[in-house]
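The following blocks contain the structures, represented as structure tokens.
Next come two complexes, and both contain chain A; in the first it sits with chain B, in the second with chain C.
Entry: the complex of A and B
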């Protein structure tokens, strides 16, 4: 990680020094500027057409009572946004999403970190261990969700098979209130992804630092908490931010791991989270205006939460190199 | 490391590996069970008579070949266009300067944090208005726009290539497009490999995109696997679901086994920021 960061800096520095070094050539020549915009044009056009414009369109829709079909739509101002806060189903789905995020994100980062620390030691068959633990994270989401449905099937599933060998009664897993545990299991099955990221971070920590501390009499625990964790903190922060963003917009795993696959409305209450409700509002209830307002609220929530995480972490995250955006 | 610590570590790791692999075991053994064995409780731990016909049934009872073709087409469009476009844009950010470049780069990095699904639904509505739903055009458009993360990967790689090479090319009268195409792109195969793998697995695994943008009979394997195998009462035929899922998941796992390093490099460098 830090090597990647220094690389950013190394490469950015000559770029900044370029006009000086090339001396006689005027600062970024017109020819080069034109070439630059020719090269970045696909991304700029794509960003505007496929991100900025859809977001703007959703915002416009959110101010109307559009049902997606009838050409007559009325401007309703912020009525949809007001309704969000009076709709108990929306509020409860948002709360469930929050709880889900608060549980699964720290848990999978912690599990991934623990595994990474274990597999960062000199061990036999270390590479094989890493590969096999990482493997579930590359299984396509649909495959993973279907696999968990099979394991937790009431009759043919392994979970009830294990219970029955202990003489316990079979449990209907894929409905309330148990469906949420299946979902947690599904999320945790992919914690090898977090492990790989933490592992890459651990490998970037110079061994000498830890060894020097231990020569000075630091215990393993001390060097871990005082050296390893601070040096790893940017990687952990990165995982927290991307994890929270991904978790708040969870959709496919919820629909696929419970629900009858025929629509958002069939997802059990425990897994009926925000994006499920958004899809139900769009495509089952045809309330395009209201659903668009819900999308914008999620967008705002994600933005605010990300900013809060960055702000709160600013004092605790330790950068060996200034992050590029700040310079 | 003391000996007992070492043993404890191996036991823990073996238990984790077992826990990680057991779902795959269960998927495979379910895919070989007969309907009668599926109905018995408690479930058997290995099919008494493996029924390989489940696999041919799984292919024939849904439009498997058609869905496979759609999956491959979309994966091909996404992989080639995203990789080329991201390399192209990455070259611009790595080797050229212009006013506004710094700001654009910050925007590029922050788009990696944009919630994808929030833009997906309104994008669908727009494509529906343009009558481009149920065509491959949305994937062409997404591919041409490149991926912020892959642009970043290419930019990092191109920025490390010595300047002398392109100066020599400029003296020889080569334009920037030629420099990109003849000098930079051929050198960047490690990033191209990572990009191909990441965009292929992304497109292959995507469920929400094809579920929204394609109709049921022109959809991809991901959607067909999740919705296709039901009996006339609408209940899932779990042994066929399992057989279909094995065939759907297998290409990705094979790719992973042979290209593990690329998978990991692509995945772990995502921790850069």
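Entry: the complex of A and C
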């Protein structure tokens, strides 16, 4: 067992041991510099105009009581930020978003990994299964949410139609407390995306490592937990970080899977998460200043959570090649 | 690290890039350069107007086809932008708004005027050759606001067509099948009768509802509850439009009736919404017996013989107080932003669309009542249901009056709060009184905040 892992580390070692170029680099010529700046200029201009400026503008808005229309906008300092921590709806929507993230991210990664392991075996019609399971992930989220809304409609939906054939009473799926189960179902419906990433990671693991471990007497479970999972850990870390960010920013499925399409007010309270509240503040209440402050808070939360995940993962994620800067 | 010994340093490059992006942004955000504040002398239609007009509307109402026709008729360049509140906000914030914008006069006028966004159109109306003061239907008063009350003061917009939104469409076939007498075309139903008949008309398959007996939700619950409170003899919004009171006996009567309806499970509610999202397809499928939708819904039936055969139109219901009001909560039309750079041309397009050839074409479509009295004779009366609806509608006009909406928040904000609090009351976990307290406290807080922002 341990010998297989040692082998991986050894294979990574030469890369780490490569001599680093010593001495000063020759400064680039004017032509080289111009070429470099010309190539990066579109990105830099786009980044400044479409990211830096909107961020700055949103920050400025967050310091005002702007309603988006009125020319009478007042500077209110950090009052909007203070209000966030005094607004029970904001706090509860943030808490609901946290719980949603804690449940759906591990669940979808686990389901994706399980499916990937199954579909990494030699199976008949393996390609067909892979395509079928991945297919829901390529359905646009709006389409998937609207389809779920129709399936789970109380009076006209297929879900209650099936239940009624067994004599069961119809369930009001799209309101509390059932709406959250529909939402979790909708999120899990797209776990084919996680599967495809995990599958790519699995196929990147050298088969000889697993075989060597089995020759050493490792069981399937041992080789899975001590070779496959560690080698897959960078892929899992990637899924955790992108999954957490996407979950914290969840919006369209929450809005569209509610029973009515009339706006944030019709989203069941169980699914009334942070971005729905932001949307309501922007476009129902026209509180552009407060909503912008809420978005800046979300940005800070995502930044902190991501940093914590990276910090915590430092000792649990195993790279076959050391990340840049660690050599 | 890359360094250069030449003029194009990284710092200078970044500074130049920032300046370029900043310039682009500044151009987008520069305030409107226009200073024109009234109609050009002698202009009432397209003759004096020149240049480009951008119309923000829905493509089904004023789309590229209408833009092309307007351009041909007026000799202008007319562009269209699909209506989108986010886009409108961004365009207004950048000082480069569309020249003509779609809006709901009944609920948006005070909000827009209080924020000094909409242009006073009185000078244009005075000079108009197509719109005469005595030809204007009273419903266009929803587009007037004097700073304290809706319905008087300058005109800030004009309806393209309208409905009295609480009038009733019913499916006569479903009434006959349930052995319920069809609603009268002259005597309004009482709310208690409406509820009782709704119960009789509802069809269930087990616990599932296959035919809704009634949908009284209209264009929004706050609008409906304001109207019902008025019918009960009270007022939901205070005279200064800065607070609401759901606790008054009249408002409680309205709330209690609505909760009874919702608990009966005879029609769509926030707890059991219609999957179609609106009443049209449900009514056409024979799955809705009665809906408070207004005249415009009849436009659907002219090309649907099945619905045309069974559809009937009835006056808006009332309580037993003898008070009869038949409001309009839409009055969908057009307005011109104060920051428009080409107001004369914008008015020319607006006048042509609202009172010219397109208005005549719309009048005969049956998708709403024309905003000019002279065009109302063109309303469809060919099919029996159209004739019956026309007669009922013409009599109903007498009972129209303007309901004042608050300038301090959007009506959407109030409806969001109602939708959030209502489920607890429908499920019975809170009483009508507790619901009123929750609504008063949350809505009044928003109104206070909105008022503060208008200082």
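Here, the second predicted complex is superposed on the first by the 295 of 327 C-alpha atoms of A that agree within 3 Å, B and C clash if a C-alpha of one lies under 4 Å from a C-alpha of the other, contacts with A are read in each partner's own complex, and residues count from 1 in each chain.
Simple rule for what comes next: contacts are C-beta pairs under 8 Å (C-beta built on N, C-alpha and C of every residue); 3 or more make two chains touch, one makes a residue touch a chain.
Keep in mind it's a predicted model, so treat the numbers as computed, not measured.
> With the two complexes overlaid on their shared chain, look at chain A and say whether chain B and chain C clash or fit.
In the arrangement built by aligning on chain A, the partners chain C and chain B clash.
> Does the superposition put A:142 against chain B (first), chain C (second), both, or neither?
First partner only.
> Tell me which partner A:285 touches in the superposition: chain B (first), chain C (second), both or neither.
A:285 contacts chain C only, not chain B.
> Once chain A of both complexes is superposed, is A:206 in touch with chain B (first), chain C (second), both, or neither?
neither
> Considering only touches as defined above, state whether A:241 meets chain B (first), chain C (second), both or neither.
Only chain B; A:241 stays clear of chain C.
> For A:77, using the defined touch cut-off, is the partner it touches chain B, chain C, both, or neither? Pick first, second, both or neither.
In the superposition, A:77 contacts neither chain B nor chain C.
> Who touches more of chain A, chain B or chain C?
Between chain B and chain C, the winner on chain A residue contacts is B.
> On the A-aligned overlay, A:121 touches which partner chain: chain B = first, chain C = second, or both, or neither?
first
> Under the stated touch criterion, which partner chain does A:67 make contact with: chain B (first), chain C (second), both, or neither?
Only chain C is touched by A:67; chain B is not.
> Tell me which of 1-9, 127-135 or 145-153 in chain B produces the clash with chain C after alignment on chain A.
Once both complexes are placed on chain A, chain B clashes with chain C in 127-135.
> List the residues of chain A that touch chain B in one complex and chain C in the other.
In the superposed arrangement, which is not itself an observed complex, chain A uses residues 28, 33-34, 36-37, 44-45, 49, 53, 68, 149-150, 153, 155-157, 160, 164, 170, 260-262, 288 for both chain B and chain C.
> For a test of understanding, state which residues of chain C touch chain A in their complex under the given definition.
Residue list for chain C touching chain A: 2-6, 8, 13-14, 17-18, 20-22, 24-25, 85-86, 89, 92-93, 112, 114-117, 205-210, 270-273, 275, 277, 409-410, 412-413, 415-420, 423, 446, 449-450, 452-455.
> Spell out the part of chain B that touches chain A in their complex, as residue ranges.
Of all residues in chain B, those touching chain A are 1, 9-10, 12-13, 16-17, 20-24, 26-27, 30, 33, 38-43, 45, 85, 88-89, 91-94, 96-99, 101, 104-109, 111, 113-119, 121-123, 125-126, 141-142, 144-146, 148, 151, 156, 159-160, 163, 175-176, 180, 201, 204-205, 207-208, 222-223, 225-227, 234, 236, 238, 241-242, 245, 248-249, 252-253, 256, 260, 263-264, 267-273.
> For the complex, which residues does chain A have touching chain C?
Within the complex, chain A touches chain C at residues 27-28, 30, 33-34, 36-37, 41, 44-45, 48-49, 52-53, 65, 67-72, 74, 149-150, 153-157, 160, 164, 169-170, 172, 174-176, 259-266, 268-269, 272, 280, 283-288.
> Can you check the complex and tell me which residues of chain A touch chain B?
Touching chain B from chain A are residues 1, 4-5, 7-8, 10-12, 14-15, 18-19, 28, 32-40, 42-47, 49-51, 53-55, 57-58, 61, 68, 115, 118-119, 121, 123-124, 129, 131-151, 153, 155-158, 160-161, 164-165, 170, 189, 192-193, 196-197, 199-201, 234-235, 238-239, 241-242, 245, 248-249, 251-252, 256, 260-262, 275, 278-279, 282, 288, 291-292, 295-296, 298-299, 302, 306, 323-325.
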